[in-house]
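Multiple structures are listed underneath, in structure tokens.
Each of the next two complexes has chain A plus one more chain, namely chain B in the first and chain C in the second.
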Partner chain A sequence: MSTSTDMVSVSTDEAPGAGRRSSVLKAAGLLVLAIIVIAFPKVYSNPSVTNYGVFALIYVTVASAWNIFSGNTGYISLGMAVFYGSGAYALGAAASAWHFTGTSAFALLPFAAVVGAIIAVPFGLIALRVRRHTFIVITIAVFFIFQLMAFNLSFTHGTIGMNAPFISWPSSGYNTPFYYIALAIAAGTIAIAWLIRRSRFGLQLRAIRDDEDRARGLGVRTMRVKLSAFVISGAIAAMIGSVWFLYIGQVQPNTGFDPLFDLTIVLMAFLGGYGSIAGTVLGALIVEPATLWLNTQPQFSGGYLSEILLGGVFLIVVLFMPRGIIPTGGEWITRLRSRGRPAVIPATTIGGPKATGSVSATSIGSGSPGGAR
Partner chain B sequence: MAREISQAIVDGILIGGVYALMAAGLTLIFGVLDIINIAQGVLVILGAYLSYSLFTKAHIDVFVGLLITVPAMFIIGVVIHWAFIRRLRGTERTSMTLLVTYAVALIIEGILYKVYGANFVQINAPSTNQTVHVFGFYIEYIYIYGFIMAVALVVALYALLYRTRFGRSVRATMQDETAARLVGIDVNRVAALTFGIGVAVTAAGGMVYGATNSFNANSGYDLISRLLAIIILGGMGSLGGALGAAVFMITLESVVTIWYPTWAVAVFYAALVLVLVFRPNGFFGQKAVRAQ
Partner chain C sequence: MTALLRTDGIKKAYGGVQALNGASIAVDEGTVAGLIGPNGSGKTTLFNVITGYDRADEGQVWFGDTVITNAKPDKVFATGIGRTFQLTRIFPRLTVIENMLIAAQARDKPKNLLSWFGKDAWTHHRRHATDLLEFVGIERHAHLLAGSLSYGQRKLLELAYVLVADPAVVLLDEPAGGVNPTLVNHIADRIRQLNAEQGKTFLVVEHNMEFVMGLCSTITVLESGATVVSGPPNIVRTDQRVLDAYLGADIDEEEDPR
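Our next item is the complex of A and B:
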């Protein structure tokens, strides 16, 4: 049953803002951050460096999209690659059918998002009927169905895969436009995640995470709410998947629908802080450049090392800091400030002005005996 | 055509017996520990590689080699449980263990790639790949021996569960962990041994799999998705259900292969989705309420 720790984890990154000064500081920090990310490709124009930037932003987007659904509802999805790969294939198929060549292919990005949303509806209607591990298993099964379809359908061209429309930018500046497109989508996704978190919709999602039956009892239309979040997350993943496709120029069944991809996304979210917007972004910014760097090192060639390391880091994170870097780091800072006296984290966060919805969902039942779930 | 179908059914039943063995380990682990062991697929491949190495390097017959690989896999299972699974507690435990076993699967897969490379291999023991002509069907010896061994091991598993004191404590833990603890059962020991047994059967299953299919480190994904479909179809935690579902699904796949060879695997996923839409708890799900 959810006890006080659950409530804390729900409301960690909305700890009460200490008045105007901190919000001014926050705005200034965001502005500096924005300047840094916008100026990044101007300062480091070397394509091998901007390549890291593009991939980092792609993964920031996917991890944030994952977080909109899984981080808020607690339904851990291992099926993000379904949307990512479908977005890539949808753009490839549409571009060749409707003769979009060169840069005009970028006009198809919204189309990829729509395809992702359309796939998410039946996927969600089936998978969201069940909870917890059965849900995870279904997402895995659906993922393998899509991989199988990519291998066997005629328009996907089997193991050969698809080529993206050729974009005739000079190779020295090729990465920069992709960087800004990915940056725009990533920023949009983070903004959507933030808006959802602050909204009534976000509270309903987190009420489902705390206790779905009770949320339904309190009048939340759980299926509709869950499905909406699932569709939003799927549409974003499909859109960024199609950007990735245009960027690397090709897609095969085992790159578009990669089982490692799903776990990588979950690792990013858990590493940074499960359910936290900033934590997920941070996790993606740590994990993706690290794996990219490992895969390009000649002495680690073959890719198996990044697999072993990814699994190892994941185990360490889940076993020793299950709440991620940002919440665990926050606790350490609080402990440092309180100089060994027992920290008062639970009391302050629960009393926080913003933590109303999710807390009320749990606190109503906190007096009743739990555990018979 | 009738002849092809009956041959496919015979093949399906024989191979289904082996899948039943692997699925029995998976469903047993789920029943006792409330864990879906995603690593089961890659552990089967590990078992196959162990048999392969013993056969090609030390020239030990694959069936004799099981005397080494089964205890080895048992120890690996107990170690995985001790190192990772045991430490997880709390409400999100089931989901977390799923992710943890996924990570374990990745690590094992990476190690297998490093040791054996990405090339597909197959165990080609001369004693097993000859065919025999029985009742008008041509069958490789390995299918028959594998089936007999799988049936024997499943019977042994049943005997262990229903005829021994240890089995009684396992079943008690499956029914109610807290109550089992109260009557003095060492639940942690039961959990560790069950995980070990559930993994140990993959050594036998992997040997037959390796002798009947070519495989590499990546084949674990294909296996785990089939095994998951089987245990969900059979009702998670139900040993009998897993056996029935394994034979049924593999036979169905084998028959579908006659007409649609590339889509035969989709039978599993389609069945899985259909079952989850209409009977979310499978067909023999005794633990359905708790599983949700």
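Our next item is the complex of A and C:
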């Protein structure tokens, strides 16, 4: 009864029903989540609370954009601030040059995204020629080039920076529209990340992560594929950077191009689960509000301690939970569920080819032809 | 009859080491050809040059009537030359079926941007991929991560995913290396079956002489990067130069610092 072949057929027969049940659960969970995030500023209308919401959503967007490129390809970029700051400066410069005042400045959000995409092309063409550590170093170098440009170019106004177009909303309701704009962009980014994950584009990205040369040898146009993901990620970061700029009303070289920005994003991704869409979102939802809260506590004297804490958390995560909350948690759940029976179908060796062939052919036939993941 | 795959006087040096020194080989359409030679004789280097993983210093690679010398790996694959590696190179964190799909979609030309995000185009690939996994005998592992497969299973997966794009020539780098005798026979049977039923062309590098002699209709012998002799197995087996270069001189070659 309990031979390994029985295990195979049982588990494949179970799969479709379990899959349907879990997808219904997932849909219900998403619906509840959507209601919570939409109702949040209605329930907690206090501006100091909605401020947390806006910042959390901004970082959910940036971290998810980072994940589209770095999470899928394995190229760790520390250059997201290049796009974030450029988006802010691009919107500021465009608004003052073309006289977009007040709320009409929101019409420039797509322009910021285009600027991010345009910057990402030469940036990617240079940086993506190299891999691993060299790639990381190049992204950092490009980051400092952009910060120096912001300090020194005439239109960026040096250390003074730029002011955003003044938006004359009453302070009690100022945060709420920003919350919904950030929410829409965050949701859109997560949707794009999910579409990419299940597409052939996403599969090519993950093949590059595993063995780039081999992927190339199998006909994947690696440069084009990597660059596309890099451009998508950069455009999103620039767009949300311009939202952040409008929200806080100003940008300086050291806030738009903040060296801690990229470390925070990487921490978010590693804490939640590197490469996992939900993990990255979760990481951003934990880290950003925590940082904000620490920064507002008087006993932590102006935020220095919060940065030290951030570094400490980063160390702990990398050392003890390198795969992050979501993958590790998923493993625990699988282990709990499969207690008493083998967690995976035993990968037996190829014995008599004929015999195994016929048995597994029937079990495959009865199983679902469904997705690989 | 012109050969489907041909190399002419390929030379390739790594620093001071002349890995290839005028290697010439011709593989006729519909045959299983063998490539043998002592360790360090340049077999894998020749594969790398043909498939675009290394550049040739001199010489030419022909695919039918086209020169494909130093084409990039993706171009070579799209032309119709698939290969496996001596140490298998699969995508460990993709599932077995995803490994297959990567290779299957290589020659697709997406009609528009949306088709990159669609799943429909994959349906027929998925069927073909599953059939091939069944053919090599690992279809029951289709949804496991490829990294969890055993060494022999990885060899089979690599064979299957090279076949899924339906290349005109398949280059196999030691398909029987490091796998158990049952599996060696299994792999040889599969190659024979593909050759007999579909007329698929193979070029096989292998140290297992029994495997090569039983499988190949033509065998080319490389020594020190140059072609020594080429012909049917019974001729090659008795050629004095081959006996000197390969079968008799294994011990010397082992000491040769490559």
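Note that in this section the second predicted complex is superposed on the first by the 318 of 373 C-alpha atoms of A that agree within 3 Å, B and C clash if a C-alpha of one lies under 4 Å from a C-alpha of the other, contacts with A are read in each partner's own complex, and residues count from 1 in each chain.
Here is the rule we use: a contact is a pair of C-beta atoms (placed from the backbone, for glycine too) under 8 Å apart; a residue touches a chain by one contact, two chains touch by 3 or more.
Predicted, not measured: the structure shown is a model, and the values here were computed from it.
Novice: Would you sort A:G102 into first (chain B), second (chain C), both or neither based on which partner it touches?
Specialist: Neither partner.
Novice: What is the contact status of A:L305 with respect to chain B (first) and chain C (second): first, second, both, or neither?
Specialist: first
Novice: For A:R131 in the superposed arrangement: first (chain B), second (chain C), both or neither?
Specialist: In the superposition, A:R131 touches chain B alone.
Novice: Is A:L315 in contact with chain B, with chain C, with both, or with neither (first, second, both, neither)?
Specialist: first
Novice: Any idea which chain B residues touch chain A in the complex?
Specialist: 36, 38, 84, 87-88, 91-92, 94-96, 98-100, 102-107, 109-111, 113-114, 221, 225, 228-229, 232, 236, 262-263, 265-266, 269, 272-273, 276-277, 280, 291-292
Novice: Any idea which chain A residues touch chain B in the complex?
Specialist: 1-2, 6, 74, 76, 78, 126, 129-134, 136-138, 140-142, 144-145, 148, 151-152, 259-260, 263, 266, 270, 302-305, 307-308, 310-312, 314-315, 318-319, 322
Novice: Can you list the chain A residues touching chain C in their complex?
Specialist: My answer: residues 8, 195-196, 198-201, 203-204, 206-207, 209-211, 213-222, 344-345, 347, 349-353, 356-357, 359-361, 363-364, 369, 371-373.
Novice: Contact residues on chain C for chain A in the complex?
Specialist: 51-53, 72-74, 76-78, 83, 85, 89-95, 97-98, 101-103, 105-107, 110, 116-119, 121-122, 126, 130, 134, 137-144, 148-150, 152-153, 156, 161, 165, 180, 182-183, 186, 189
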